[in-house]
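Notes for the one structure printed next.
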Amino acid sequence: MTTKYKEIETRQKLSRVIEELSDERNLKTVVFSGSSGMCMPSMAVLKEIINLARSVLFPGYFEEKTLSAYDRKYHIGVAIERLHSLLRDQVLAGMCFAECECEDLGELEKKADEIATTFLERLPEMRETLASDVVASYNGDPAAKSYGEVIFCYPVMKALTNYRVAHELLLLGVPIIPRFISEMAHSETGIDIHPGAKIGKSFTIDHGTGTVIGETAVIGNNVKIYQGVTLGAKSFPLDDNGNPIKGIPRHPHLEDDIIVYSNASILGNITIGRGSIIGGNTWIDYDVPAGSRIFKR
Amino acid sequence: MTTKYKEIETRQKLSRVIEELSDERNLKTVVFSGSSGMCMPSMAVLKEIINLARSVLFPGYFEEKTLSAYDRKYHIGVAIERLHSLLRDQVLAGMCFAECECEDLGELEKKADEIATTFLERLPEMRETLASDVVASYNGDPAAKSYGEVIFCYPVMKALTNYRVAHELLLLGVPIIPRFISEMAHSETGIDIHPGAKIGKSFTIDHGTGTVIGETAVIGNNVKIYQGVTLGAKSFPLDDNGNPIKGIPRHPHLEDDIIVYSNASILGNITIGRGSIIGGNTWIDYDVPAGSRIFKR
Amino acid sequence: MTTKYKEIETRQKLSRVIEELSDERNLKTVVFSGSSGMCMPSMAVLKEIINLARSVLFPGYFEEKTLSAYDRKYHIGVAIERLHSLLRDQVLAGMCFAECECEDLGELEKKADEIATTFLERLPEMRETLASDVVASYNGDPAAKSYGEVIFCYPVMKALTNYRVAHELLLLGVPIIPRFISEMAHSETGIDIHPGAKIGKSFTIDHGTGTVIGETAVIGNNVKIYQGVTLGAKSFPLDDNGNPIKGIPRHPHLEDDIIVYSNASILGNITIGRGSIIGGNTWIDYDVPAGSRIFKR
Amino acid sequence: MTTKYKEIETRQKLSRVIEELSDERNLKTVVFSGSSGMCMPSMAVLKEIINLARSVLFPGYFEEKTLSAYDRKYHIGVAIERLHSLLRDQVLAGMCFAECECEDLGELEKKADEIATTFLERLPEMRETLASDVVASYNGDPAAKSYGEVIFCYPVMKALTNYRVAHELLLLGVPIIPRFISEMAHSETGIDIHPGAKIGKSFTIDHGTGTVIGETAVIGNNVKIYQGVTLGAKSFPLDDNGNPIKGIPRHPHLEDDIIVYSNASILGNITIGRGSIIGGNTWIDYDVPAGSRIFKR
Amino acid sequence: MTTKYKEIETRQKLSRVIEELSDERNLKTVVFSGSSGMCMPSMAVLKEIINLARSVLFPGYFEEKTLSAYDRKYHIGVAIERLHSLLRDQVLAGMCFAECECEDLGELEKKADEIATTFLERLPEMRETLASDVVASYNGDPAAKSYGEVIFCYPVMKALTNYRVAHELLLLGVPIIPRFISEMAHSETGIDIHPGAKIGKSFTIDHGTGTVIGETAVIGNNVKIYQGVTLGAKSFPLDDNGNPIKGIPRHPHLEDDIIVYSNASILGNITIGRGSIIGGNTWIDYDVPAGSRIFKR
Amino acid sequence: MTTKYKEIETRQKLSRVIEELSDERNLKTVVFSGSSGMCMPSMAVLKEIINLARSVLFPGYFEEKTLSAYDRKYHIGVAIERLHSLLRDQVLAGMCFAECECEDLGELEKKADEIATTFLERLPEMRETLASDVVASYNGDPAAKSYGEVIFCYPVMKALTNYRVAHELLLLGVPIIPRFISEMAHSETGIDIHPGAKIGKSFTIDHGTGTVIGETAVIGNNVKIYQGVTLGAKSFPLDDNGNPIKGIPRHPHLEDDIIVYSNASILGNITIGRGSIIGGNTWIDYDVPAGSRIFKR
């Protein structure tokens, strides 16, 4: 394809690139420095975990063929067993990624196994919450034809399933994996819900592209928001180096029964009172009393 | 990995989870309740359908190797045959999903076959419309280097191909599948066009992330919109339970020759007159006469 | 499935569709007209290229198992060799797509080989720049727990890796491929950075959905922007046919040390002075002096 | 890759090849002439069917991870349901392949469904027989370390599982599929058992490459044979055209408790009496009384 | 998983293994020494080539769904085009493997392209020969139910398709690839036909496991052989080093209308006269006159 | 597809089948009874292991593209690392399969890690032996064109690579895996070499289908055998139940410099003296002195 001489010159250039890229001095910041030989968290496996979770939470919708009542339990049984096994391995991978005290691997494995079990025990409750989200999405959208359409097609259901799974894992102390799961939904739906946010029942988001819900946001029951809505931070207290201090509450609290229309920005550690309606394209960085109606102009 | 005793305890916990998740009482809202043994609509197959449609609408662009004129017809022939077969099965799956009168499966199969055939007969016309969209996208974007770049790379072409396919299927009475196809484009491009919307020729969307076009929107010929534009509903008449009434016109009508700049919100069953330009970040919930220029500030 | 007669009628209809779709008269605008028998650019291969680039830029993060220092060089060596081979083929495919003088294929192959080599020689420098972006993202986000989380999970790192790869390829004169690579990131992250834009070190985007950075935008060092920000064109000089003239500078220039909050629109060939802060939802189409603070209302 | 002129000449040559190969006159004997649009039997699906059958007949051996007693039933449940669905479709495909009266497709589908169900009802009995084969193989081979090794590694178990599945399907009147299943085992193991043969319990074949058991062979219980053994036909009555007449018994009958050593040829519609031992490399084309010992020279 | 010290010791041992295995001194005989950067012949691609050849030679049998006469030509057209492209690349890979004068790659590419075209032009004739083999197999086996069963299931048809493809490629001067293709059939069927053998029309092999047909064998029309038959060499003239001299005729010539029963060994450069029947387990190393009947004992 | 009533009846029948197949009483002999939750040995992984071993033993032959000397070491490095990881897991799976004392999993894991390392340290010596086999195969076959053809195409090299890998693992005390690896080669090539056999250098098998080499066979250097040769047991001492006693030497010993022609059967714990030639189709069950020539009749 190239003359022999050219070929040799190219190989020598590539060898130099390989040397440079492998040089320890060029690796700080960018290299993974944890113990070697451990599994990394795997996007493919996390996708399978989410799909399995979806298939047991909404039985029949995500199978190749529709199930009879006779078959349902077998499917759920196999899925739960596989979920347990895959989740345990990913929780362990997350712990190693975050360099949890890896000295005693056996101890970590036991902890990962327990976390996976506890997570699965919470699935029935998670299903109940997600069912309330389905009803809210159906009721709130004149274009929705059935619960089935909402479960099967609506991006909000993908985003909320991932969020509710990720949030439970975060509560159980699992590192990195929850964030990864919420970014998977962010990528698919354009809805960016940090797994640290607290969200009540009967929640829905219409369209959803560009919606952001920050790490310390708190949302009550029966809240509906639209595309492009930001529940964000306004400004961060800085440390001595001029960088934001981590872990301080900095996002809004939305009480029950609230609607926020498209592209509204609600910023800072403020409270929107129960029953309020926030109009589209608004910019809210102050507390809003219950029952308010705030529109542009 | 765990002691024998621990292992047994875990299995018992998982067994209880399986029981709970299979319990009929916990299944309402979330379970698919259609006939058993039928194929569910399949995302993988619908992706293949879209890819096949793209390959016959834009011959040569989506093949592994460039085609000679000699080979083109063979490729189109094989693709159309496969499209017909896959589409018929998905149309049938959609009908079963929506619990169309499934009693006489043979009747449904015949109907699905006819719909697939009719859809394919409309492809030449769909190609003509999409060709006008390509030209509009090329002319409207100084960064576009060729028609080929638009066809091959531009998210608007993915979104419009899916929309035009989904809209035809909706007109033919196919349930669920059209919505699914438009959500596939929504996920890939951030452009959310409801398959029920009516869109004329020479339409284009630049960038597109966050653009929303609602179910009852009507758009004329030669319209261009930008990222973040909402053609949405403003408010819904509520029924006695306080839920929106379904199926009422509630989105804007854009006449011919209109430009809408980024993040504008055009809301409600209003009309934007021919030849108008709507500036970015504007909020329009009223009729706008032909030839208007509306900008923020 | 259908009676024999019906079956024959269907086949005849499909044959007519195939004829129409293959008819030369219906193919203009939509058909790929380059030489036949050449490879088209391949999304699957470009994805593998990006994944390989990521694996050598951030060693250990994107492997199945964590690497020991002993293994790292072997992995980088194999990845660089494969990158070279795949990239050379895609560069060639891009050249054929754009109908570069294809007469002498051998000449094009040699050029593609050289471009692939030169690109790889720039990887160490690209890694340095991306490392500065990692630090900026970590410092700028109170929710970030470690550099590792930023590298592994943050959509901004996907978008910037693709952008920096695409930009280098554009500088090396590769057609179509750079745009394709940036659209891959756009689809995954909702962040739309044109490969032609010039972006300095220590750049970051928070959340990112809906962010648009145009072809002729120039961004200095240490700049941070948020979701929904547009660095766009305002209006285009038109040619005699009323279409925009291609290739004219039409996007903003952001100097060093600037923050732009969510959904701000900065439009036209203007300059935002060093150290400025642009508030959310603002609309800027004029030069802004250094050190400005511009907020809505 | 070739000059333009050369390229065109090549395409013209290929076009002529395509014409010739599509010409009806050249298609007799070699073209499949059944109804169009029906599924053909699928090797990939038949492999999955065999693997599923294996997984329920020998629970735990062919799963990714070892099962607990708790999980076993869920796995068997899911496998049986999938087996039923896949098998029904393949039985139907076999019927269409053999051009069973396809006029009323609904009738055929019902028949295929019933055959699949009846087949599955025979699995417990098939398992019992295969268990006796496992014991016979273990007892008969000094190199065998455990039942598990026999089940997991021995080619004879693959060959017998396929044979016993294929034989049941043949008894149920399924065309083509049984032969296909036995050829799958023939290809994998070199053991060629026609699905029409009748084979008792506790049967085993050591090594097995080159073993042939013909269509009308009958084998009692507790028989062991070695590699290269032929239970074949000797000569066929010819019809008026000089071709063999189909469907006449022409293979040997082996009674209970017989051993046949390697490369023995036992030919024709003869009987080998109970308890006989047939030595290696022998050539037997005559009845052999019970308790015989026949060795070469 | 192991203590840190252990881990390091293991990595050091593996590093030594890598050094040893990469050491030039240990590489002679076992290393591929051709030009670098060229594609190696690919088993996966050769499998696809054989499958494509099969699908055009026996239209309809190896498609997913049965074809209508309307669709057949499209399928053959697409398959021929792909066959041409894949075959050209594999012929080129074979030439590079055999270190054909690789100096001028462009010249080799042109030659490979011509060989692929010429091969395809011979397909109609190959089909005719294979059709005669189908008829011979059907007529010769009382267990065969239809031509379709022979084409679809019989190992002899796999072996002969591969042989006839490989033989044509050998005649066209393609190195290594023909042998590889015949070994693929050998592995699948246990039938080992060297691509150099010359075989007439209406040939068939029953069962076939263990059948061997050597490089310089010549077989007339209307010949039938059984499993375990060897058409082999008897002894080879040795060169001065005591190794066999290559390329000398050393296998039997079978004239027309011959039957050879199972496990017969026919050895050396001898002739079996027209119309002979050779019995099972015989050992023939001498010329046999026309019309002979040779049986054991 | 079937009426509602029929459907229910079918589901009930299948439920009964599931019950029966899950019933503990029907599971003895056929169920895997080891600890739950452990990985089973995996055919897919063992195939990858063999392919990796082949790629480091014969560098360049089994890569997608030919390697330069520059790249070779990187490829070997990555392959060795992956081999170590995969092999360790399969060795562990083999131990669990054989129910090695599984109480202390950590101990087993350490042992598996050590075995994998020791195995890899033996690769350079295995390569030397296999190189001698390549030379022997090339020299012994007039049809062989080059060492490369032997390495790339000859079934004997597949069989011997698998055998030599399996034999080393057996020597290291690994259960089940060695047998599985040799059965993989048996299935692919028809050559059945028990991993327990001892085979010297410069060994080759021509054609090979049907060749059997038993567990306690011993073969010297420079031995060549042909297809269908059996080095088998003659009779087994029986235990009190009439079953063969396991683990007693019962296969032949072939000294150096021996040729055995096709279909010869050499049976029992006998010795074939150095330099002997054993003719085809012979039956040898007695010691043969050095330098013998034994032919049929």
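Descriptive notes on the structure:
We call the chains A, B, C, D, E and F, going by the order they appear; numbering starts again at 1 in every chain.
One rule holds for everything that comes next: contacts are C-beta pairs under 8 Å (C-beta built on N, C-alpha and C of every residue); 3 or more make two chains touch, one makes a residue touch a chain.
Only a predicted model underlies this, so the values are computations on that prediction, with no experimental measurement involved.
Following the contact convention of this document, A, B, C, E is the list of chains adjacent to both subunit D and subunit F.
Taking the mean of C-alpha positions as each chain's centre, the chain lying farthest from the centre of subunit A is E.
Just one of E-F, B-D or B-E has an interface built like that of D-F, with over half of its contact pairs in common by residue number: E-F.
For subunit C, the chain with the farthest CA centroid is D. The rotation relating subunit A to subunit D, fitted on Cα atoms, comes to 180°, given as a multiple of 5.
Note: centroid distance subunit A to subunit B, computed from Cα atoms, is 25 Å.
Centroid to centroid, with C-alpha atoms defining each point, subunit A and subunit F lie 48 Å apart. Among the residues of subunit B, those in touch with two or more other chains are 1, 7, 11, 14, 18, 36-38, 65, 68, 71, 73-74, 76-77, 81, 85, 190, 209-210, 228, 263, 281. For subunit D in complex with subunit E, the residues that touch the partner chain are 1-2, 6, 10, 13-14, 16-18, 20-22, 24, 26-42, 96-98, 175-176, 179-180, 183, 186-187, 190, 192, 194, 196, 209-210, 212, 214-215, 228, 230, 232-233, 236, 243-248, 250, 263, 265, 267, 281, 283.
The part of subunit E that touches subunit A in the complex is made up of residues 1, 7, 11, 36-38, 105.
Across the interface of their complex, subunit B is touched by residues 7, 11-12, 14-15, 18, 37, 68, 70-71, 74, 85, 106 of subunit D. The residues of subunit D lying in touch with subunit A in their complex are 65, 71, 73-78, 81, 85.
By the touch rule above, subunit E contacts subunit D in their complex via residues 56-69, 71-73, 76-77, 80-81, 84, 109-110, 113, 117, 120-121, 123-124, 127-128, 130-131, 134-135, 139-149, 151-155, 188-190, 207, 209-210, 227-228, 262-263, 280-281, 296-297.
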